[in-house]
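Next come two complexes, and both contain subunit A; in the first it sits with subunit B, in the second with subunit C.
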Partner chain A sequence: MADFRLQRLPSATPAAALGARILAIALALIIAGVILAFVGKNPLALGLQVVTSSLGSSFGLEDLGLLVIPLILTGLSVTVAQQIGAWNIGAEGQFYAGAFAASAVGLFAPLSGGWSLVGMGVAGAFGGLVWILIPALARAYANVNELITTLLLNFVAILLVYYVSTDAWRERGGVANSATPRIKAEIPEFWGLVHWGLPIAVLLALAMAGLLAFTRWGYEVRLIGSNPAAGKYLGIAARRHLITVMLLSGAIAGLAGMLEIAGSVHRLQGGISNNYGYLGIMVAVLARGSSIGVIFAAALMAFILNSGIILQTQGLTTSTVLAITGLILFLTAIGDELSHYRVVRDKS
Partner chain B sequence: MIDLRSLSRRGFLNMAAAGSASLALPGLVRSASAATALPAVNEKDAVIGFGHVGPVTDEGWTWSHHQGVLAVKEKFPNLKKVLEVENVPYSADATRTYRQFVSEGANMIFDTSSTGDFLHEVVRRAKDTAFMECNGHVLMDNLGWYYLAHWYPTYVLGVAAGHLSKSGKLGYVASFPVASVYTSTNAFLMGARTVNPSATCQTITINSWFDPQAAAQAGTALIDNGCDFLFGIMDEAAYLQVAEKRGVWAAMWNTDIRRYGPSSYVSSIIIDFKDYYVEQVRKRLAGEWTPTESLFAMGAGVDRDAWGEKVPADVGKAADAVRTKILGGWSPFVGELKDSKGAVRLAKGQKMSEMDLYNWDWSVEGVTGL
Partner chain C sequence: MTEPSPRYVVPTGAAPLVQLKGIAKYFPGVIANQDVDLEVMPGEIHALLGENGAGKSTLMNILTGIYQPDAGEIIIDGYACQFASPVQAIAAGIGMVHQHFKLVNAFTVAENIHLGWSETPRRASAPVLEERTAALAQKFNLQVKPSARITELSTGEQQRVEILRVLARKARVLILDEPTAVLTPAEARELFKALRNFVSTGNAVIFISHKLDEVLEISDRVTILRGGRKAGTEFAADCTPAKLARLMVGRDIVLADMRARPPGAAAVSSSPVLRLRDVSVLNDNGHTALHGISLDVRAGEILGIAGVAGNGQRELSQVLTGTRQAATGVIEIDGHAIAHANAADFVRRGIGHIPEDRLQSGLAPGLSITANAVMREYGKPPVTVGGLFRPGAAKTLARSIASAAEVVIPDFAMPIRNLSGGNQQRLVARREMRIASKILVAAYPSRGLDVGAINIMLRYIVDLRNAGAGIVLISEELEELLNLSDRIAVLYEGRIMGVLDNDRVDIDEIGLMMGGRLRGEKGAAHG
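Showing the complex of A and B:
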């Protein structure tokens, strides 16, 4: 009698990966649907509402287009760091640091119009870069785990933004909540609410994919990431690469913060990130290390988040929506892992 | 001098024009200059949306607005849809929520906790939808705002605090350094200082309207600092429970929540939006709605709650005498007023207008922490 056993493959075939993902999402939706039916909601009507609202109207599509911008960039930030084997859990903090630096330029630098936007973009990327500088150096020279250092700096950045937006830079009089005055330089919109940050984010993802796939630098980075010992043996400057890649990762997250300020929020204030930094980790997991995959993973994430808002207008509570979102992502992650396995038959 | 920079020119002119009419309806009511009414809608075709800052179960701010939603549903049982979303964050997600209301056909949308620019982004792109922003500051052709003249009952509570506090150190649990918090702390301390001229008000901001844990921590810190009377502007009852445990007085906001701290409870700023929401929806359906600015007067949507069981009768009586005086038209907000740095901000004899009080953005002498 033949024995069956599971064999783990180093990388899943694209067909298996896609199949597992579709299966996981379908399963999550079925579970959620059954639960909703039990509490007296009509899951099919809700599903139809989600699809028609988000994909069937220009309002819905614009919302997706706007939401996907920061998700692409924070997802890309985490993915880039992953290439060299670093976990950037601090995209949230770098997002805030970028927003902070960009706002400083937008509010106080004597630049006008387009130059102000360029200045804000440079400042945003630089802000994110500075925010990851210490974790990058600590990891490179003292082997300090970047998971902890990048994570802890998130709280510092968030509180820094709260401090300036409720104190030093606050707009006096007449505003609803604490925020800086409105920043004059705004990224133009090209489609409803959607601004030019979208093509910038997509192009950046494509450029990163190209750099990693086709340049010597990209090859060395990926090599160190998958096998540090081999990289050392080959004489690759691992430390320099590690620092560069981590700084790049921080700069990308900082740029996300700048685009959010100049593109849609226009004032520096607490809470602007909407957890985009943490969601970026999820996007990176879904993208499975592919910079181009980040675009699609971010689109999926945007669709899930936007569906959550639609479901809330249909009378579902925030916690129910959060539970459904969590279920989808949880099962997707399990499906991804399972797609690495295949069943083989032992002949004895 | 009063800071008038925050008033628009139109707002200022309307204020002067409405001066005499403001006695009529709830508090100050003004309407936008030339905005035409949106066309009538059949009740059975109408969609009304409400976005809240917290959960409707908070027994406070959001719960009170939810009572207004229920009143609308009861008065207009045939509405096609009433959309209601809780926990709308102060971020671009607020824009997404209100846009979703619009794409589901909302004829009228209430933002019950001023999301500002995030809402206005939607208002500009949905000209056929009527928007009302609670504690808003901007008027557009399809956007009005409404709020409460809470500073009067707050002043009354301040008088009670002046009598009840032995240390003269009052503590305040604040959300953000915004106008409603400045007005609230200032009115509270001014009331207290009529009894105890050396009273002070120490403020802690917790960057949230609904964060029971942070509110409880702030309350504890204030009591540790010697405060024996807590006030605040939270959507829930956390610091009342702290006050009860530590044996100090507490005054609250929104609803009667004395059961969380029966022996500490002094009173509350009680709010009521039911009649207002029903009337606004009626106008929208009838084709009479135009954007207006309303501040509910004391006794017409905002008031103090019945005094707590441990509040001595003479303290309640003394504070109520001030309340009666205010209802008769007297204003306590008259100069000379100094700010927390000691500079004279309001000359002797000068009276603050309702809009000055609504937009207050500096602390009076004795208030710290904002």
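Showing the complex of A and C:
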């Protein structure tokens, strides 16, 4: 009689890892389909609808292109911090802070056209940087866990933006009363609705990957991230690297906020982030520490979000859509673990 | 040593407690185990010997369910078993204390003992856990302090916690992977007593070690692995260290006398290259670990540091290499006082450091072998040119360090923790010797190495000295110190008890000094 059993391997082969992910996503879609069928929807028709409207039309693809920009950047922000062993849960807040600072420049600085955009970009990155400054210093000098500090500052940023957009900077006599006036400087589009923020985000991810793999600084960051004690042994300025990397992480999330303002929304308003900061954490988890992986993980996440929007137009609720998103992530995580196993057969 | 134990006789009629049959385990490019049989009887202490990378840890990881064998059977008490995890192995009575401890540093002893244990009470307060831990410590006769945090414990104490953790789970087979490598001789004796006690009730111990004397002292039988295969099982009473060494490497090992200075060797410099003057150092807890030490290291000499571990050796090696600041006093390199140097400056001046906790602080276990091998030279050409890190050049350098260290590496991109413990140490040692043009501070360099590798390592240290470097050799092995050192300083409770010239050394005197007696009248070379 042959007997089957599971065997755990210390590391998964790349083929197994990829296969497990594809399987996980397929399985999640099947489960979602079954549930949809239960609530009386036709999953196949819905699926077809999703695929044709997001991938089959240029409108759908443009929407994807717009969604992917902030996701790449917030995902990159979290991934960069991970390299040195920090969890930036505050990309959301840094996104808001970046949007806030960029809007301030866009609305009030006496700059014209291109210069205004440059000013907004610098301000956006700087806003994100300022927003992570205290968590970074607290971690570096007092060993305060950044998970909590970055998270708490999210709420401050959200409220700040809510306040200025409904009060101090509100468009007087505007229709909605809950947003600033339109900001004149806009990032030009290069393909339909998609603006130059997309190539900027992709280039930034590639640049980050290059920086980590091909510079002395990147080597030191990876080393400290992997074993802080080794940093001390080698005399590397671990504290300075930690602060730099965390500030960089904040700046990237801040830039995401600026691109959202200058590229697609053009005014500051509450809820501007669409949870991109939190979704960035999921993107980073899917990318498993790879800056280039972030691009693909963000694309997948954008597709899921976009599908959600389409499904909502078909009468599904937001929570259903969120549940499906969660299911995919959950199964992917399980798939990643299972790819360490293989089935063996022993003869007895 | 202690009196020889009576000759071990395999009990007739008793079933082996553990039996491994035809075990094989393959990693990409490596045969870690092949056709390995092992039999351990109740009441037996069974030693497992072999060169670095011979497959000892892997075999024990298979027995405890961390790895699954690619072939072969595990038979416990006569029943074939399969362990999918260490939890299942411990449920069957098999527990292991690893080469690198797996305790949670921020937790207390009691919390570590109760972590992941089915018998931990559902709702337990700290006092309850501590009381239970104290009772366990009493029962197994292992002294631990239940409320202490792991970081506060010495290595020997941490090991006791690990052992207690295993015994508390009712283990009948205790596996110890190089348990004495990090223990003082006194701690090792304590451990041996506890082990004898443990097997006297029909339990068994499997014991991995590179110290052949100790293996012969404590074990009943010895199984030797060579290149992943079994080279034989012997009664300890029938063996000598030389015979064991021959079985391990397949040829005789000649221990070279290394004191002789070959013609052409660099002379000892008249002025010191590295000098400590009245240096006091605080340890991590803020206590004074070194009290106003003065020490000279000259080029072309080996300065041995004798003493029982834990008397300031760690802090001494750190302050000599810039990884710890001196609280007071002056450190001079080539006659220049170093004000606020860090480790990188010391490296730039040609000072290498084989740290005592090389696997914790000298390596990044999760990074590739290449990244670890280039740790000291990544910042300069050929690895970094104009700020650009060149992975190709890094790999070339890693390859040359690995071949100098005589470690065969199937894949330089794999995490270094996949290498055997001894092979990791060899890489660190070679990496440091490459940069130690002026000074090498080597703390317990032979720990964790097999006999052959120790011989090679010491040879390299001597060559380095002959080439004109000054060596600080910190060791507990008096024999090693006497064999190599030109001068020996004795460290006791953070103070130098005296410095002796090797040609006028009196072993008894060193022994007394290690116990805290100051150097006698005979005129110390330097204090």
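Simple rule for what comes next: the second predicted complex is superposed on the first by the 326 of 348 C-alpha atoms of A that agree within 3 Å, B and C clash if a C-alpha of one lies under 4 Å from a C-alpha of the other, contacts with A are read in each partner's own complex, and residues count from 1 in each chain.
Simple rule for what comes next: a residue touches a chain if its C-beta (ideal position, glycine included) is under 8 Å from a C-beta of that chain, and two chains touch if they have at least 3 such contacts.
Since the structure is predicted, the reported quantities are computational estimates derived from the model, not experimental observations.
Once chain A of one complex is fitted onto chain A of the other, the partner contacts of A:213 are limited to subunit C, with no touch recorded for subunit B. Contact with subunit B, but none with subunit C, is seen for A:260 once the two complexes are overlaid on the shared chain. Of the two partner chains, subunit B is the only one touched by A:313; subunit C is not. Looking at the shared chain after the overlay, A:145 reaches neither subunit B nor subunit C. When the two complexes are overlaid on their common chain A, residue A:63 makes contact with subunit B while staying clear of subunit C.
More residues of subunit A lie in touch with B than with the remaining chain of the pair subunit B and subunit C. In the superposition on chain A, contact is made by A:269 with subunit B only, not with subunit C. Shared-chain residue A:42: touches no atom of subunit B or subunit C. Touch criterion not met for A:112: it reaches neither subunit B nor subunit C.
On subunit A, the surface touched by subunit B in one complex and the surface touched by subunit C in the other have no residue in common.
Interface residues of subunit C facing subunit A in the complex, by the touch rule stated above, are 67-68, 82, 84, 322-323, 342-347, 353, 355, 360-367, 371, 375-376, 378-379, 384, 387-391, 414, 418.
In the complex of the two chains, the subunit B residues touching subunit A come out as 3, 5-6, 49, 55, 83-87, 89-93, 95-97, 99-104, 114-118, 121, 125, 133, 135-137, 176-179, 205, 207, 359, 361.
Contact residues on subunit A toward subunit C in their complex (touch as defined above): 5-8, 10-11, 213-219, 222-223, 226-227, 229-230, 232-236, 344. The touching residues of subunit A, when paired with subunit B in their complex, are 53, 57, 59-60, 63, 66-67, 162, 166-167, 170, 172-179, 182, 192-193, 260, 264-267, 269-274, 306, 309-310, 312-313, 315, 317-318.
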